[in-house]
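Going by the order they are written in, the chains are A, B, C and D; count residues from 1 in each one.
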Amino acid sequence: MREITYAQAINEAMSEEMRNDKNLIFIGEDIGIYGGAFGVSKGMFEEFGEKRVRDTPISELVITGCAVGASMTGLRTIVEIMFSDFLTLAMDQLANQAAKNKFQFGGQGSVPMVLRAPGGSGTGAAEQHSQSLEAWVAHVPGLKVVIPSTPYDAKGLLKTAIRDNNPVVFLEQKLLYRTKGEVPEREDDYIIPLGKADVKRKGKDATIVTYGRMVQISLKVADEMAKEVIDIEVIDIRSLVPLDKECLINSAKKTGKVLIVHEACQTGGFGGELVSVIVDSDAFFYLDAPVKRLGGLDIPIPYNPGLEAQVVPTEARITATLKELL
Amino acid sequence: MREITYAQAINEAMSEEMRNDKNLIFIGEDIGIYGGAFGVSKGMFEEFGEKRVRDTPISELVITGCAVGASMTGLRTIVEIMFSDFLTLAMDQLANQAAKNKFQFGGQGSVPMVLRAPGGSGTGAAEQHSQSLEAWVAHVPGLKVVIPSTPYDAKGLLKTAIRDNNPVVFLEQKLLYRTKGEVPEREDDYIIPLGKADVKRKGKDATIVTYGRMVQISLKVADEMAKEVIDIEVIDIRSLVPLDKECLINSAKKTGKVLIVHEACQTGGFGGELVSVIVDSDAFFYLDAPVKRLGGLDIPIPYNPGLEAQVVPTEARITATLKELL
Amino acid sequence: MKLSKEIHKELYLKMVQTREFEETAARLFVEGKVHGTAHFCTGEEATGVGVCSALEVKDYILQTHRGHNQGIGKNMDINKMMAELLGKATGYCKGKGGCMHIADFSVGSLGANGIVGGGMPIATGAALKQQYNNEKNVTVCFFGDGATNGGAFHESLNLASVWDLPLIFVCTNNLYGMSTHINRSMNIEDISIRASGYGIKSISLDGNDVVKIYEETIKAKEYVLKNGPMLIVLNTYRWMGHSKSDPQIYRTKDEVKEWKEKCPVKRHKKYMLKNKIMSAVEIETLEKHAVRDIKAAVEFAENSPEPQIENIFDDVYAD
Amino acid sequence: MKLSKEIHKELYLKMVQTREFEETAARLFVEGKVHGTAHFCTGEEATGVGVCSALEVKDYILQTHRGHNQGIGKNMDINKMMAELLGKATGYCKGKGGCMHIADFSVGSLGANGIVGGGMPIATGAALKQQYNNEKNVTVCFFGDGATNGGAFHESLNLASVWDLPLIFVCTNNLYGMSTHINRSMNIEDISIRASGYGIKSISLDGNDVVKIYEETIKAKEYVLKNGPMLIVLNTYRWMGHSKSDPQIYRTKDEVKEWKEKCPVKRHKKYMLKNKIMSAVEIETLEKHAVRDIKAAVEFAENSPEPQIENIFDDVYAD
């Protein structure tokens, strides 16, 4: 299969869907001729024109709300928020409007929009440009939340998200944008359903449940452990909402040992949810050890690259925690 | 001891601190002559005047940011956000500024502010005025998060929060405002440290870990169960950040059975954190059953009182879940 | 512009219906038949009624928390409005939203909002869709004086201006945001001045003059379809408290009295009599109609079933 | 107003230091010595330097992401600025903030901000504290043209106006917010027009005229202490890309060239020579000083230790 980057995969997903659906528009800051802060939308302005690829003023609240209004009245929209840290400014339209409208209007007004935003540390962008805020949006009924870890998943999940009739928060990973992976040819339209976890590596001694950039790191750890004949299963949940509980529970039953890993700071992170889902199921009775959690440190993301690298779960820390488990 | 309401307790805490500290000011919408949407600040405008009790335009972002700036330069501030649902509009100043400034400025600029906001359902205020959003703020390093369940705790914790040198999010409970409880005389200055859970009821058969309004409900359930000679311990964590992990873990070890209860919708709620803290400790080996979690339903809060009452954990559901545990 | 008798009739009927709706709803609160809160627009009838009566079904409106006049103006079903207030399954939101969230997409109402200013960003999207499809329709966004102090106002007017959206921003200036008089929440002579920050046109009107409001809305619709957004400020007054629990110590009884004398309903009645548009008898008939309509609505609502707990998960997600 | 030679010297030195700082920092990026991102203000030196040089220590400033001119203007320590850019323990933020978060409370800088418009609400609080304590000092809040489209701008100017805060809002209009020209982000002739929505005074100045900027800031300080806030718009241009990775396809080379001819540094030099304020030799000496200062700063920074991992939890919470 051909290899393309994560950023290209996202670009292809958007472009293909825009070709297929004239009612799909794309709005955000500097997504036009600039191609987006991370170059994700390169070429789209040229192909689809300014009517469909719309640069906006710097005003995250109205950008998001504009998508809500357009989507509620018949268009579909993709919104790019330049850094997911700026969700702080868009939360009202996302959580109080997009997420609740259909319910509070008694079933009127679906909001088929995708809000894309890159998250994560590792680029030296410091405290206000490096957060992983998926736990906030996963706690809002009415929203779906997706975080892809590979180009293949990014493309397939984004296409599904765009076709979904609900507001979907699609959190990309800055550090993955340039990573490459196999993706089917352009002609081969494929989609990946939301709510299906992916066992990225099968194993029987312990399970790592994770998502986003931590999938790649966990796979590396698993490969290293394999050398010591320890067989780690790595599950990429891919979407936080809906969540493929069955997959987690089954794996926990199989291996009896589970480690949850995410980049977001540990306290109040989505890891707690994953732990609870497992512990509050019949998998509890199969557990040979406490379900462990490894999140980022509970501090803002610092600028210095040495410090920054230590905030998120490292291969060394994942390995050490796994060994505690085993 | 005299009995006062939860609202009065909060009023007293603010008033006493303002009497003692001329550098303490209070800002928010309609907190002045109106006395606040829930009447919490009644009489404060009259006592402290418009210079210290400051009505603002309807603009939650600048209200919060104004407190950040004033607090960073030498004042102390209390901000009232009329409903905690409007945190959506204040999140940038709260999470990206207040919480991170000291860290990102290399230790310069503490932010001694308290952001008070009422949360919770039960008043027929519907989707956008009834949420419990503590999980969002508890996931932001740099913030402290407090939710009192009694007038006594409300007063003692708020006084501590006001004296704290960090931004503290103080989440009040709309339905508790009019409940009464014992509080020492005005002259008896007392404070309650943040980070100390309170065992509201001792027991040995199972532990309920909870906070806010659910404390009262859990106590009722415990009283009912006592009739069946089942002895439930009820722990009120009181502050989510810092969290009194030791208290939870010790109780879990003692009873071997834990139920977490909160009003916020279950998925992504702070309950996951509490489960994880227990499960990922040596208490795991004392557990006789899965740690159970009971949060609100994963839906927006509906208007109809009958539906509304069913969204949050009810006495019946808490009892049923406890019985599953036992 | 000379309005037909039919239009006058419509305006008057809707205003009286609104008046009756609010007074009845307030009574239901006192009687304990409604729980939760509500915000009544008595005294402001001309604003929503005048504007919305000038619109077509395919023109969208975004309503406020104080928007029963807007809903009735846009031909919403009064029965369903009342049923929603009572939280019944037959209400606009199936009892799930209450009157802060009534919406009727079938007549072009994209919903009321519990967040002050919350509808403004959404309005830009609705207008964008109209522009995108080359529709000859517009979006009207209602909000209060207090809402003009929030960031949503600024961002929305700016975006609408930059994109030339067919969007009429309608500010119902009733002098107060809750207890806060505009003199304490902004530092300008007239709210319409704010349009200049976005390079758009604005007008400031007597918000109790339903005829003028109707006429100006007709013109505004034409204008925004050609030129992009404009701002209309309707200066009026809220007679009742902010919400059911408001002791109103922030304003004088005299002020309220003064404004009651400017009653928009009476004013329109006088106007019609003076200009011989309708006779006293015709007017009285309309008033009776209105009373009957609201009574019927209460009956409908009271006889409607409560929502079923089994349906509580409906509509959280679309299929 | 006639500025002393000392002032001219200060203005010129700071502008050249800023120019040198940015060019050096850009080089360090290319050499891979800095990671992360940075936003350079080359071409805009007169704005931050002109304004801040007119302030006292106790006047506060809120800086932007493109604020090295502001920091140098406010007498921040260039060594610590450079050390922070390199992420060193001796930097202003102990290496934890980077140049988007430099702050020096000891000279009155309450910090740069990574959030566009993020400093504006904070500025209202700093000014409130000054007013509360009857200080004779003011707060100056910097932000860009792009930031004026965000809700924080609106809410902050409005609150400052209503409360008569001693606050000068300074907009550095460099025509672009990233790739977006102001013609596509707002629909007005001059950004200063926006002040009218808040009933406050505003002026729009040539942002490359450091002398005028200095003078007007002195006046503005006096004005806002008496009358409450005002808005100053400084019209200028950014020579370099938005950030290190900007291919700049959204503007023409001619446009950049044209603006380079309006160089604020050269302009001030010419002015001083023409008015015989300083001789060519004196000026050259200053320039050498600046180069030496920046070189020393790089040395300081490069020789400084990396932050220790043991200190990573410091300053998350105050005691």
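Keep this in mind: contacts are C-beta pairs under 8 Å (C-beta built on N, C-alpha and C of every residue); 3 or more make two chains touch, one makes a residue touch a chain.
Everything quoted here is computed from the prediction, not taken from an experiment.
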Completion exercise
Under the touch definition above, the chains in contact with both chain B and chain C are A, D
Problem - CA centroid of chain A to CA centroid of chain B, Å - result: 30
Completion exercise
chain A to chain D, mean C-alpha position gap in Å, rounds to 36
Problem - Length of the line joining the C-alpha centres of chain B and chain D, rounded to whole Å - result: 40
Exercise for the section: Averaging only over C-alpha atoms, locate the centres of chain C and chain D and give their separation in whole Å. Expected result: 45
Fill in the blank from the handout: Going by residue number, chain D touches two or more other chains at 84, 93, 95-97, 101, 113-115, 118, 149-152, 154-155, 158, 162, 184-186, 316
Fill in the blank from the handout: Multi-chain touching residues of chain B, meaning two or more other chains, are 56-57, 59, 61, 85-86, 88-89, 92, 96, 103-104, 126-128, 141-142, 298-300, 302
Exercise for the section: Name the shape of the chain contact graph, picking from line, ring, star, complete and other. Expected result: complete
Problem - Complex interface listing, chain B residues touching chain D - result: 25, 51, 54, 56-57, 59, 61-75, 77, 92-93, 96-97, 101-112, 141-142, 144, 165-166
Problem - Residue numbers on chain B that touch chain A, as the complex places them - result: 85-89, 91-92, 94-96, 99-100, 103-104, 126-128, 133, 135-136, 138-142, 240-241, 243, 264-265, 267-276, 279-281, 284, 289-293, 298-300, 302
Fill in the blank from the handout: Counting only contacts in the complex, chain C reaches chain A at residues 60, 84, 91-97, 101, 103-105, 110-111, 113-115, 118, 120-130, 132-133, 139, 151-152, 154-156, 158-159, 162-163, 314-319
Exercise for the section: Under the touch definition given earlier, write down the residues of chain C that touch chain B in their complex. Expected result: 35-37, 84, 87-88, 93, 95-98, 100-101, 113-118, 146-147, 149-151, 177-180, 184-186, 246, 249-250, 306-307, 309, 312-313, 316
Exercise for the section: Using the touch rule from the top, collect the residues of chain A that touch chain D in their complex. Expected result: 29-30, 32-34, 37, 55-61, 85-86, 88-89, 123-129, 297-300, 302-307, 310-311
